[in-house]
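One structure, pasted below without further comment.
Chain naming follows the written order as A, B, C and D, and within any one chain the residues start at number 1.
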Amino acid sequence: MLSCTMEPRFCETDALGHINNTVVPMWFETARGPIFEVFNPGQDLSKWNVILRKIDVDFIAQIYHGHSVEIRTRIGYVGSSSCVCEHEAWQRGELVAKGTAVMIYFDFAQQCKQEIPSALRAELEKLS
Amino acid sequence: MLSCTMEPRFCETDALGHINNTVVPMWFETARGPIFEVFNPGQDLSKWNVILRKIDVDFIAQIYHGHSVEIRTRIGYVGSSSCVCEHEAWQRGELVAKGTAVMIYFDFAQQCKQEIPSALRAELEKLS
Amino acid sequence: MLSCTMEPRFCETDALGHINNTVVPMWFETARGPIFEVFNPGQDLSKWNVILRKIDVDFIAQIYHGHSVEIRTRIGYVGSSSCVCEHEAWQRGELVAKGTAVMIYFDFAQQCKQEIPSALRAELEKLS
Amino acid sequence: MLSCTMEPRFCETDALGHINNTVVPMWFETARGPIFEVFNPGQDLSKWNVILRKIDVDFIAQIYHGHSVEIRTRIGYVGSSSCVCEHEAWQRGELVAKGTAVMIYFDFAQQCKQEIPSALRAELEKLS
């Protein structure tokens, strides 16, 4: 499992007084950084090889400014050309949001998905 | 059906050269503005009565800077205390993303969901 | 003078109930789109030729969600290799923010500023 | 002097391949968090007492994804009802951006600036 900590920004609050819902996908994207690194060590943009196919987010409890948020991320599933990341956001001991992201191993030159090779699969499965 | 147009901002691109995925939930939230207005005419924050329970987004095609994006939104379902918004993003005649948002009719004072009254239900169903 | 209209987004509000200050530089960047177009017709990223050197923003009055904002932009000055954009944000007939942006005509290959040719200068001066 | 560290987010890059300019004001706002705390211990929104009057940012070098950024912040000046924050952004040993923010000690009920009391002034000056 991967873990990272976000300090909510004041500009991420909204007029209802809490962290705006649209911020959570940004936090989850950031939490996938180490997974981008597994797909593409060094993250050279010219060698980028993964695209996002789908996300969902469940908003479970209000998220507050002034308290750090831990994002826990694991790989839930590795398919032939895709993998599913599972994210949880925890604040003050409470699960406040969770979500998934379906990523496709992608050949940008050919503009098509490609099969995940076994060595990469093994690396991804270490994060499950 | 509701429709609004977004002009992608340069700051919404990312290093892969397209609109970043995390931008789409912001556009969809903005597209729900008229639905917030149905729930809470005038959108007085002290009378806010809806929360977001869940979103999902399918990223279908790359979205480009320099071309406007039409967001089409309709109410897909009205339950006893929730409703589901369905969004589509179209750019240059192509469906580039779609998603849903589950909204809960909510009593902030009691911090619990409440039943959607029939007059509000009728207004929401006009947007289906 | 250039003019464009922004519809403030709910996610651009903050917990103080108004549009967050950090949003204004994004609106001003978007308002400079037609100026990027003058520098680099078609805005091909591989031919990008301008960088931002400096911005400032004066926050004059609170900016509200629910009311459109007009951004008025003009070129205030064209130097040998730079130009200054002047922005104003107007909401409900009131000047709510203003600012400037210093842009440098830039050779990305050489990583250095370059002299603005007279034809480009003439185009920029039309926006003054 | 205050110091905090930002990990640039992928969604903060833009199509030119670097961190977008509009991100820096967000980082600087976040860096002012401890100063908001000095003005309003506990940061209770109903007691908020400071507004932002003006910002400027100098963009000195390109900022990259993949390397942390240290934001150094100090109080440069305390006036009768305002103070000036000075920010610097450092990445890989290089000063990449700097800027200032003028904050006004503000009475939201009366909607006017107010004089900074000597105890608060002394706290602010500790951050110079």
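The criterion applied here is as follows: a contact is a pair of C-beta atoms (placed from the backbone, for glycine too) under 8 Å apart; a residue touches a chain by one contact, two chains touch by 3 or more.
Since this is a predicted model, take the numbers as computed values, not measurements.
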{"item": "Shared chain contacts [subunit B and subunit C, defined touch]", "value": "A, D"}
{"item": "Self-contact between copies subunit C and subunit D, residue sets same or different by half", "value": "same"}
{"item": "Chain centre separation in whole Å, for subunit D relative to subunit A (CA means)", "value": "28"}
{"item": "Mean-CA-position distance for subunit D and subunit C (Å)", "value": "22"}
{"item": "Distance between chain centroids, defined by C-alpha means - subunit B, subunit D (Å)", "value": "32"}
{"item": "Sequence positions of subunit B contacting 2 or more other chains", "value": "10-11, 15, 17, 21-22, 26, 29, 45, 65"}
{"item": "Contacting residues of subunit D [partner subunit A, same complex]", "value": "7, 9-11, 17, 26, 29-30, 33, 36, 43, 45, 65-66"}
{"item": "Sites on subunit C touched by subunit A in the complex", "value": "10-11, 13-15, 17-18, 20-23, 65"}
{"item": "Contact set on subunit C toward subunit D in their complex", "value": "15-16, 21-22, 25-26, 29, 45, 48, 51-59"}
